[in-house]
Amino acid sequence: MQEIIQYLFSGITTGAIYAVIAVGLSMLYSSTELINFAHGEFVMVGAMAMVTFWVHLAWPLPLAILAAMALGCTLGLLFERFAIRTAKASNPIVLVIITVGASIFLRGTGMLAWGKDPFSVPSFSSHESIEILGAALLPQSIWIVLGAIGLAGGIHFFLKKTLTGKAMVACAVNQKAAWLSGIPSERMAVLAFAISTGCGAIAGIFIAPITMSSYDMGTILGLKGFCAAMIGGLGSLWGAFAGGILLGVLESLGAGLISSGLKDAIAFILLLLILYIRPGGLFAAKEAKRF
Amino acid sequence: MLRIKNLKCSYGSITAVHGVSLSVKKGELISIIGANGAGKSSLLLAVCGLMKTWSGEISFEDNSLRGMSPPSIVRAGISMVPEGRQIFSPLSVMDNLKMGAYTMYRKRMKAEVEKDFKMVLSMFPILRERADQLAGTLSGGEQQMLAIARALMARPRLLVLDEPSMGLAPKIVDMIFETIETLRNQGVTILLVEQNARAALKIADRGYVLETGKMVLQGSADELLVDDDVKRAYLGQDYGDFYDGRGN
Amino acid sequence: MTNQDLRQAQSQQPILDVQGLTKLFGGVKAQDNISFSIEPGIVCGLIGPNGAGKTTLFNMITGIYAPDNGQVIFNGRNTRKMAVHQLVKAGIARTFQHVELFGSMTLLENVLVGMHVRTRCGFWGAVTRFPWVNREEKAAVEKAESLLEFTGLIDDAHKPAGDLPVGRQKTAEIARALASDPLLLLLDEPAAGLNAVETENLGQLIRAVKDRGVTMMLVEHDMSLAMGISDKVIVLDQGRKLAQGTPREIQNDEAVMAAYLGG
Amino acid sequence: MSDKLSARSRARIENSIFLAAVILLGLVTENTYYLQIMTFIGINTLLALGLNMLMGYAGQVSLGHAAFYGIGAYATAILSGTYALSPWLALICAVGGAVLVAFIVGLPTLRLSGYYLGMGTLGFGMIVNILFREWSSVTGGASGFVGIPVLEAGPMVFMSGKSYFFLVWAVVLAAILICRRILRSRMGRALRAIHDGENAALAVGVNTHYLKLKVFMFAAALGAVAGFLYAHFVLFISPESFGFMVSVKMVTMVVIGGMASIWGALLGAGLLTLLPEVLHGFAEYEMIVFGLVLMLVMIFMPQGLTRGFLDIYHASRKKRQ
Amino acid sequence: MIMKRISMAIAVLVMALLAADGLYAASVYKIGGIFSSTGRASFLGDPEQKTMEMMIEKINAAGGIDGVKLEAVIYDSEGDPAKAVSAVNKLLHKDKVLAIIGPSTTPTTLAIVNFVERAQVPLISCAAGVKITSPVKPWVFKTAQSDLLAVAAVYQHMKARGIKKIGVLTVSNSFGESGKHQLLNQAKDFGLEVVQADSFGAKDTDMTAQLTKIKAAGPDAIVCWGTNPGPAVVAKNVKQLKIDLPLYQSHGVASPKFIELAGDAANGIILPTGKILVTGLLDGSDPQRAILEDYQKDYNAMYNANVSGFGGYAYDAVNLLAGALKGSGGDKNKIRDALESTQGHMGTTGEFNFSAQDHNGLSPKAFVMVEIQNGTWKLIK
């Protein structure tokens, strides 16, 4: 029993990270119908920026977090402006390959900027774990889960309550009508990119203290985030969130109860089953037909 | 106010409009009628900037619209109620209206937007009742009213309506046309594109008849209402006339 | 049994019998209890204002949409469980409102694809090129060329379909549809985008196809053509059948007039 | 008729030029290193050819194609290495196994579309890769499989160098011919029809799902052959050579070369195999340059290199006239 | 647009031309190197490459070998077997090297052994896997201690402490897998019982699930076999889960980086290591001390960084090769034979005694056990 609770705690922590990554991917998808395969690299940028700003430059924590986020947003903005928008591709697979190129480029840049060694970042608060029902809960896990909820909530608020957010939704549901209402959809796409990559950076910021950061940490995380977004249903914000948590918990339970070597396989088999049974994901928002 | 000269539109290899000219004066209600595929919608797409591949001339208040994007055309003062309504179904009715006022908000004219809300909601009381509902849950007629209201929120000097009666029950159609008439009486210049010729001509000042991408008739609405050719444009000639008529 | 025999055997009963078709899109009835039948060998016009549900009806007959209620009996068979390609094999062919030829392929190849259900060479046939494969291919090409001859497109046989003018593309779609030896041919706005001369030629072609014994249904907005060519006209309005009759009956029908010109 | 004849004879001329080029390169090149690079290009071309049929013509993206590559390699490694079966028999088993797996996986997966299809194939690729790694008693696990025999056919021994170069390129040539035959046949016409317009293809009676499944199986077979050739060339395999990034690389080869083009597959495979070799000179900047080249090619030549070069050629000719 | 495309095309062409870099011949001994300088195993390859470059420079500064200068040709395998194969072919056939040092990892080494065997070029690998030199392949040698010896050292220590039941946690890559194999195989010889064996992914961010499972099995100690950064996460997770058991790690994390990554959680961890890590703590009489200090000093002066055991493998490899090159006149067979008959060569890793039966040449004495205390290493005697 105690073990199960421990597995759940671990799963929810990892899941919350996947969730933040998935939320960023999903949000970009819902406004531009693009999956950014470089998303994981923005997670890396966030984590490595924390290493630089907080550990090396010893900036105050809030400032370091803000700076790391800003770096993520700016890079996303530049990426949209100079790569995605310049590309006049009609076939979305071409855009996807561009993001693959960007991911390799960013990884290379990261290696050059931060070197090949991994780094460790201290926890936001004390290291001591809290004991609940005989299972240990890390304070950083609480930070991560709270952060994930806060972030998803924040995006929810932005999309539902602010004029710009609603305009972004409007562009996503009906770009033609949005244009006819005077909403500049290109600017919305840039904004969506910046927010999405910002989310990636935030995931990196949260993850840095619980694990080790290195220039090549992003790929697998981006992939897991992609899976999570798929499980939840592309374009659905809370679906992505739930998908992330579910994937994390499945992995943890799989590792704990069945086989740690096969845990990823277990997660992927369930993912395939979900896709077969509910082809649009658990919380399908709309038909995802792009390539 | 709006002047179109020798407009030609084509999609790929299909030419939908072959050299159409028309004009709309301030305060007028103009109807363009014609059967499906006559090229009415293509003409409107060109006016609103959604179609780029047109040649000829379109000018609004003496400024050419060539190369302008839809948002800048909205800012210039033309609002369009698109065919099939195209409301933002996952947003609430109120939010749909806010989207319509997007350019107003961006011009920092919040006070005016508030006034417009009042005006629009009093014109369409049903929308006030459903202000918080998701737009997708409205009935067809309500959606059409919402689409019109949304377009009005941008304070257009020219309102363009594309087939507002499409797919609606006759009673609702009557209501919509009454609303359009009221708007005209309030001084809004209106360009109405319709299949429903009688209803459209009844409220219009002048009318144009399009057939297979060409302007075949134009004149005052009253003249057109009684014109036999209008009927022909819709229902075709009868069997015997067909091959003779084409043979000439 | 060849198609010719089939046609004769079935000639007594309607080739297409549509019974109470209903289709909902998000709770809205796009088709509401539509019933009609079509006798073999006739041309049936299907008209109605935009959004009346004509294309939806076509999509249900050709198996692209499954009806929410009602059924389609084609040539004595209920088509409910049949996939699109099975329906084509059974003898239903169609053309599209917006030309949907295979643009990068030549006209001849387009027509050959139209013969897909009447030929059988698969992967191994393609790789091994056994004599029967070559024979089948040769026969198919000959038939395709004769169809292009029939539709007057033979001069363009080896040009990419996408490079042709619209008029010829529209005709080519009909040739492609005929390649599957259909019993019933559905034409969706064949005259859209055509000029007067082309429309007239199209009328001639439709009559020639009719003379080959193919039953046709056509959606058309060019009323001169629709009324001129049809033996029977069905009028749809807002997903319901409004009227049915000869062209002349329809032209004088009050309800039709109201639907088109407004009340 | 003259148009048709010229199209056919053009294909024949292309093939002959290709054949001549391969033979010439094989005879002239003495340096084993260059031969080996070209051998890898050949293996990658096989992969790209199969995937190109799937992506370019059937319009189905697979992000897990390395799985079939791996199945081919591991099947032959285990059968010929562990069980001492003749490699040529192992090849038949490898291809058969890959096709069977493709059938079982493709049946439900190909019903998905867009990103969901991408996800489905990605998941499949991951699962297969994890199996390679975890089933260590059979596959050798993460440390890889040692002891793959060298290919022999009668007196011929295919060791690295010329013999293997010719073997691989003979297979590539055969694969190109098969692809061409398919594309010119009824099946290929239906495929190209799906590429031009899936709805219309469906409406003229093409069973699109079945056809996609067939192409998926064909691509899997080519992948398995490539895996077989890889295994007997390198004589060592490990799960890393068949991971997710390899799948992505294959998709990139197809897209960068130009979809729905046989020579595009060759060009894409060539570029993506050569580029890293060339970029060794950039040392630490290798990844940056590689990413940039990938992005720039896709931004400015979204149709891929084949079309991109043709466009440049046409443009320059127009200018001259 | 067209200009852009043309310039793109030119760029691609120029790159292609760069491939055909110059062929020049000189009377030098060309030595090849293949290391995982980037990629997952860059922590191995990077110091190895740097060390090799440094050593070659040093030897040349001293006048070369028999008056002939050495030239290093080094390629990056990125830890990818296919890239290693391409690199080895380049070395064998384009650069025509006399001998090859590296690669850094077991799979990349296994991937190329067939090629060097066929080309009959001596290879001195820097990877740890037992499979490399067992069975013995005539042309393949290695300088890294086999994990066989590392496991023996760890189990020896456990046995001395009276530990009976252990939990095993390994990384799922070749290093961890090979380690797991040894851990499971040798346990009986030392009277140990493995109550739970688990693994984690090289890029996993959290190992609490596996540790919870191991904890539940009730072992007396936990052994983690992996390379950075995973084991550091394990160390942290063990502290966080309040698992109060001795934690053993492998020589794969024997570097200051591990202490930096694991922070406080590193304290109390016991691991086997080559002597290089604890040079300062060694007895003055230790025969390896002088050579270790030398290496340390040179490396520090050149790269302003601390040495690691991994770089030491390359150091030994270059020295062994240099010894074998002497008097060989560039004959590969002579080099191989000289390598195989090397006896009593003192290296950073240990004392090498090669023979026809042993191409690793090290004994368990190559390892010492250390404990991390207050962020530094403490030698356990």
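Going by the order they are written in, the chains are A, B, C, D and E; count residues from 1 in each one.
Convention: a residue touches a chain if its C-beta (ideal position, glycine included) is under 8 Å from a C-beta of that chain, and two chains touch if they have at least 3 such contacts.
Bear in mind the structure is a predicted one, so any value in this text is a computation, not a measurement.
Trainee: Kindly list the shared contact partners of chain A and chain B, in label order.
Mentor: The common neighbours do not exist; no chain touches both.
Trainee: State which chains count as neighbours of chain B and simultaneously of chain C.
Mentor: Chains that touch both chain B and chain C, as defined above, do not exist here.
Trainee: Count the touching C-beta pairs: is C-D or A-D ahead?
Mentor: The comparison resolves to A-D.
Trainee: Which chain has its C-alpha centre farthest away from the C-alpha centre of chain C?
Mentor: It is E.
Trainee: Please compute the C-alpha centroid of chain B, do the same for chain D, then give the distance between them in whole Å.
Mentor: Chain centroid spacing, chain B to chain D, equals 53 Å.
Trainee: Just how far, in Å, is the C-alpha centre of chain E from the one of chain B?
Mentor: One centre to the other, that is 75 Å.
Trainee: Distance between chain A and chain C based on Cα centroids, please, to the nearest Å.
Mentor: It comes to 49 Å between the two C-alpha centres.
Trainee: Starting from the mean Cα coordinates of chain D and chain E, work out the distance between those two points in Å.
Mentor: Each chain reduced to its C-alpha mean, chain D and chain E end up 35 Å apart.
Trainee: Could you list which residues of chain E touch at least two other chains?
Mentor: Residues 38, 172 of chain E each touch two or more of the other chains.
Trainee: Got the chain D residues that touch at least 2 other chains?
Mentor: Touching at least two other chains: 133-134, 284, 286-287, 293.
Trainee: Send over the residues of chain A in touch with two or more other chains.
Mentor: Within chain A, residues 111, 261, 264 contact more than one other chain.
Trainee: Where do chains touch, given as pairs?
Mentor: Contact pairs between chains: A-B, A-D, A-E, B-C, C-D, D-E.
Trainee: Note which residues of chain A are touching chain E in the complex, please.
Mentor: Checking each residue of chain A against chain E gives 3, 6-7, 9-11, 13-14, 17, 111, 116-120, 122, 127, 129, 131, 135-136, 138, 207, 210-212, 214, 216-217, 220-221, 251-253, 255-256, 260-261, 263-264.
Trainee: Please give the residue numbers of chain E that touch chain A in the complex, ascending.
Mentor: For chain E paired with chain A, touching residues are 38-40, 42-43, 46, 172, 198-201, 203-206, 208-210, 212-213, 216, 228-229, 232-233, 236, 239-242, 257, 260-264.
Trainee: Which residues, counting only chain B, touch chain A once they are in their complex?
Mentor: Result: residues 48-50, 69-71, 74-75, 79-80, 82, 86-91, 95, 98-100, 102-103, 105-106, 150-151, 154 of chain B touch chain A.
Trainee: Spell out the residues on chain D that touch chain A in their complex, using ranges where they run on.
Mentor: 55, 59, 61, 108-109, 111-116, 118-120, 122-124, 126-127, 130-131, 133-134, 244-245, 248, 251-252, 255-256, 259, 284-295, 298-299, 302
Trainee: For chain B, which residues count as touching chain C in their complex?
Mentor: Those residues of chain B that touch chain C are 13-16, 35-37, 140, 163, 165-167, 169-170, 173, 195-200, 212, 230-231, 234-239, 241-243, 245-246.
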